[in-house]
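I've put the structures underneath this note.
Next come two complexes built around chain A: one with chain B, the other with chain C.
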Partner chain A sequence: MRRFLDVTGAVAWRTIHHFLTQPSILVPSLLFPLFFFTAFSGALSGVEAIPGFDFPSGYAAFQFAFVMLQASAFGGVFAGFSIAADFESGFTRRLMLASPDRRGILAGYAVAALFRAVVVWVMLIVVALLVGMQIDGGALDLVGLYTLAALVNVTGLLFSAGVATRLRTMQAGPAMQMPVFLLLFLAPVYMPLELLEGWIHTAARLNPMTPLLELSRDFISGQPADLWAYAVVLTMFAVLALWALTGLRRAERAGG
Partner chain B sequence: MTDTNLGIAVHELHKQFKDGPKAVDGISLAVAPGEIYGFLGPNGAGKSTTVHILTTLLRPDGGYATVQGYDVVKQGAQVRASIGAALQEAALDPMLTGREHMRLQTALQGLPRSTRRPRGNELLERVGLIDAADRRVGSYSGGMKRRLDLALALVHEPRVLFLDEPTTGLDPQSRSDLWREVSRLAREDGVTVFLTTQYLEEADVLADHVGIISRGRIVAEGTPEALKAEIGRPTLEVVPVDPADRQRFADVLARFGPAASSAKPSAVAVLLEDGADALASVIRGIDADSLRMDSFQVHKPTLDDVFLAKTGESFAQGDQGASASSEDESLQPAEAPA
Partner chain C sequence: MSATSTQVGELARRSLVRTLRQPASIIPSLLFPLVFLALNSGGLGSATRIPDFPTDSYLAFFIAAPFVQAALFATMGAGTDVAKDVQTGFVSRLALTPTRGNALLFGQLAGVLAVSLFSSLTFLVVGLVAGVTFESGLPGMVVIMVLATLIGIALSSIGVMLGMRSGSGEAVQGMFPLFFVFLFLSSLTMPRPLIEQDWFRTIATYNPVSYLLEAIRSLVITGWDGRALALGFGIAIALVAVSVFGASRAVRMRWTRT
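Let's turn to the complex of A and B:
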């Protein structure tokens, strides 16, 4: 176990070091969620006036929940980019040669992805409070919200790690990004599910991201939460953990 | 010596890549502890594939191998704890400094926190990189990267060291520095070194034992001296002033031994049956036929001659012929020797 943690710590340190010391990684990670939050909550605030929109904490909080989940999911996906880049450059071989238990490598990337998400969460909440966003949920609700976001983050990482370990090239980028992008934006992003119509309503109703998004909105508005969404994310977590681990085994067989 | 007492033991190892020829085709070898084993062969011969199997990066299709007594398939974690490896393409992060690489590697290898920094500094000092330790590796020269890679392979004091073409692309000074350090590791620290190379001179200078590999098979094995002694006789190579005289030269030289191959197309070569003692007679024979020579050279047997004798092709030909015979190696462009 100690050696597993050694590897996890080393891999996490390097990935976090890159995140904090390379403006080309750090700045977009911080700016994009901020842009989405301010643009959506500002430009689309008129949605609040639509009959049937009854979110009690206001449109900024409604959007905040989405941007939180979006930043968390993409924080995980971007860690998958690092994995693919390391395969492409051959650096993964160094990690594989030094790791008694190579699952520690994946755990290291996951820790780094979580760190990255936490930095974005802190910045987002600070900005949200500065612009006067209303939070009606209590402390326990916020714990629930951030736990959900953390699970989404690691699930995103597991998905992209599974792709990266199978394709082992940066060209895998769109294959990591696109499915997550589609899942996120086919959820009720701009207005509640009940106000959507036609195929988009059907897609959103079937989308596993929808219950997660609705749960995070319940947390932030202090409404009674439908905790079964946790079962959804935990199922995704379990399935994608298997996906990532089998990808790792495949990469091991291919020689790293 | 049993497998558990050997640094490296390999029995009938096989590896074939999907839709490709056999990269490793029944290799067996044994390396004693503290020995430098030179694994010599042209590009694509199967050297890197063998190293990848022995370092647990690849699984063999058949046969088995042990490193420090641990099975490379069943005891991968123990093997990895016992070995250091500097592979063909130095796996370095251009955005990290030399010192940060040391920090990463000492942590990956699980060194106690208190020893990580001193161990890193000691190794950076040893490979002459302490002054460049805080520079990003992206700005390092090829030689500096190789030295850093070697230092990283040594952080946990491995008992077996794998060096996959460690001097490819290095200038002569960097190459001799690296040779000196590898020799020291084996002689003073008792580290078993498995060194792949496509440079005959490197194997000759460094290795206690040499295995020559061609198209996935070991074609000759022994000490460099013993292998050269097998060939025994020196080769005489003559370049005529007038290329039209090649046949006449060949007729004269044929009296002194069988024809030999030469890397120079304009030369005529012969394996001297009576050794260097025949030289005076050869010159008299050429003079008697009034032939004029542009150059006249006697070659002691080299490992290239061994390769030629065992495979029927010169090392350079083997390189071309095998360049696409291994999936992994064919992807790695060969760098020109400095």
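Let's turn to the complex of A and C:
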């Protein structure tokens, strides 16, 4: 266990240090979620006038829930980019030779992804409160919201780690980003599921991100939460952990 | 044929061939706007139920977006190509020949022009197949292509300027978020009068991208709206003038430095 934690700590520290000292990585990570929040909630607040839109905490809170999950998922995906870059530079090959427990490498990247997400969450909530966003959920709801976001973050990391360990090149960027992007935007992003029409309603109904998004909105607005969404995210977590670990084994066999 | 037109012709051919040989430079500028169109027109379909929304088809409302988005991708493509030319020493070698600097600029823009026309045609066909009715008819579609081409030239010239000045593809790519901000802080997803947040409506009103979108949109959902077209074309032409001037200066500076 100690060996696992040593590797985890070392990889996490290195990745976090890299994140904090590279403005080209740090600044977009902070600005993009903030930008999406202001652009969506600012431009589309008129959606509240649509008959049937009955989210009690206002459109800013409605969008906040989406941007939280989006920032969390992409925080995980972007950590996957670091894994791919480390493979490309040959760092991972040396790291694998030096690590007594290689699962610690994945865990280290996961800790760094979570750190990255926490930085974005803090900035996002501060800005949201400054612009007067209404939060009707209690403390327990917020704990539920951030726990859900943390699970989404690590799930995103496990997905992109599975891709990065299999392809081991930065060219794999779109293969990590695009499926997550589509999954997120095929959920009820701009309006509730009941107001979606046509093919997108069907896609959103089948999309595993939809219950997660609806649960996070329930938490923000303090409405009774349908906790089965946790079962969805935990299943995704388990499947993608297997995906990432088998990817790691493949990378080991390929010699890093 | 004058020497300058021969130079422009040769460099245009090079730009065109280079663009065609790199599907990666064409596919994103077609694919991403179409994916974005599908997701947004689906996700915001019910927005047409907002009182006073100008059309009952959100697809018709949003079809203007891909034309401007494709121009953004063209900007990045043109800028990155020019930066690569600087990095690989092509520009330095070219500067030692009697070639005029502006021949490189206009030659480069020819490649962009071809991609821009192809993209515009694709978006129009996709719109028609998806059931969008263009209220201004066939002449309106031609006008949309002309306007989209002007926007493409304007933004690509900015790309050339950035590529020439920085000589770094990364620096050009780094500007993408800024263009993205301009696109999103406009009337992209909602007509300006229906934007309820005052601060956002103010930004969208001062953002020239709003008027480019609204000019294209007017041809789709209104018909012939002289005011929207005058504003859209006025801004596009002004952008072309300013950006071509800036790109031309950047080319001249690089030539002198060489």
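Quick notes on this one:
We take it that the second predicted complex is superposed on the first by the 256 of 256 C-alpha atoms of A that agree within 3 Å, B and C clash if a C-alpha of one lies under 4 Å from a C-alpha of the other, contacts with A are read in each partner's own complex, and residues count from 1 in each chain.
Quick note on the criterion: a contact is a pair of C-beta atoms (placed from the backbone, for glycine too) under 8 Å apart; a residue touches a chain by one contact, two chains touch by 3 or more.
All of these numbers come straight from a predicted model, not from anything done at the bench.
With the C-alpha superposition on chain A as described, chain C and chain B fit side by side in the combined arrangement. In the superposition on chain A, A:Leu186 makes contact with chain C only, not with chain B.
Using the contact criterion defined above for the overlaid structures, shared-chain residue A:Pro28 touches chain C, although it does not reach chain B.
In the superposition on chain A, A:Leu95 makes contact with chain B only, not with chain C.
When the two complexes are overlaid on their common chain A, residue A:Leu44 makes contact with chain C while staying clear of chain B.
Once the two structures are overlaid on chain A, chain A sits at the apex of an angle of 90° toward chain B and chain C, using CA centres and rounding to a multiple of 10. Once you line the two complexes up on chain A, you'll see the smallest CA to CA distance from chain B to chain C is 17 Å. Those residues of chain A whose C-beta lies close enough to touch chain C in the complex are 24, 28, 31-32, 35, 38-39, 41-52, 182, 185-186, 188-191, 195-200, 203. Of all residues in chain C, only 35, 39-40, 42-47, 49-51, 174, 177, 181, 184-185, 187-190, 194-197, 199-200, 204 touch chain A in the complex they form. Remark: chain B residues 52, 55-59, 77, 80-81, 83, 85, 87, 89, 91-93, 95-96, 100, 103-105, 107-110, 152, 328 touch chain A in the complex. Put simply, chain A touches chain B in their complex at residues 2-3, 6-7, 9-11, 13-14, 17-18, 21-22, 89-101, 253-256.
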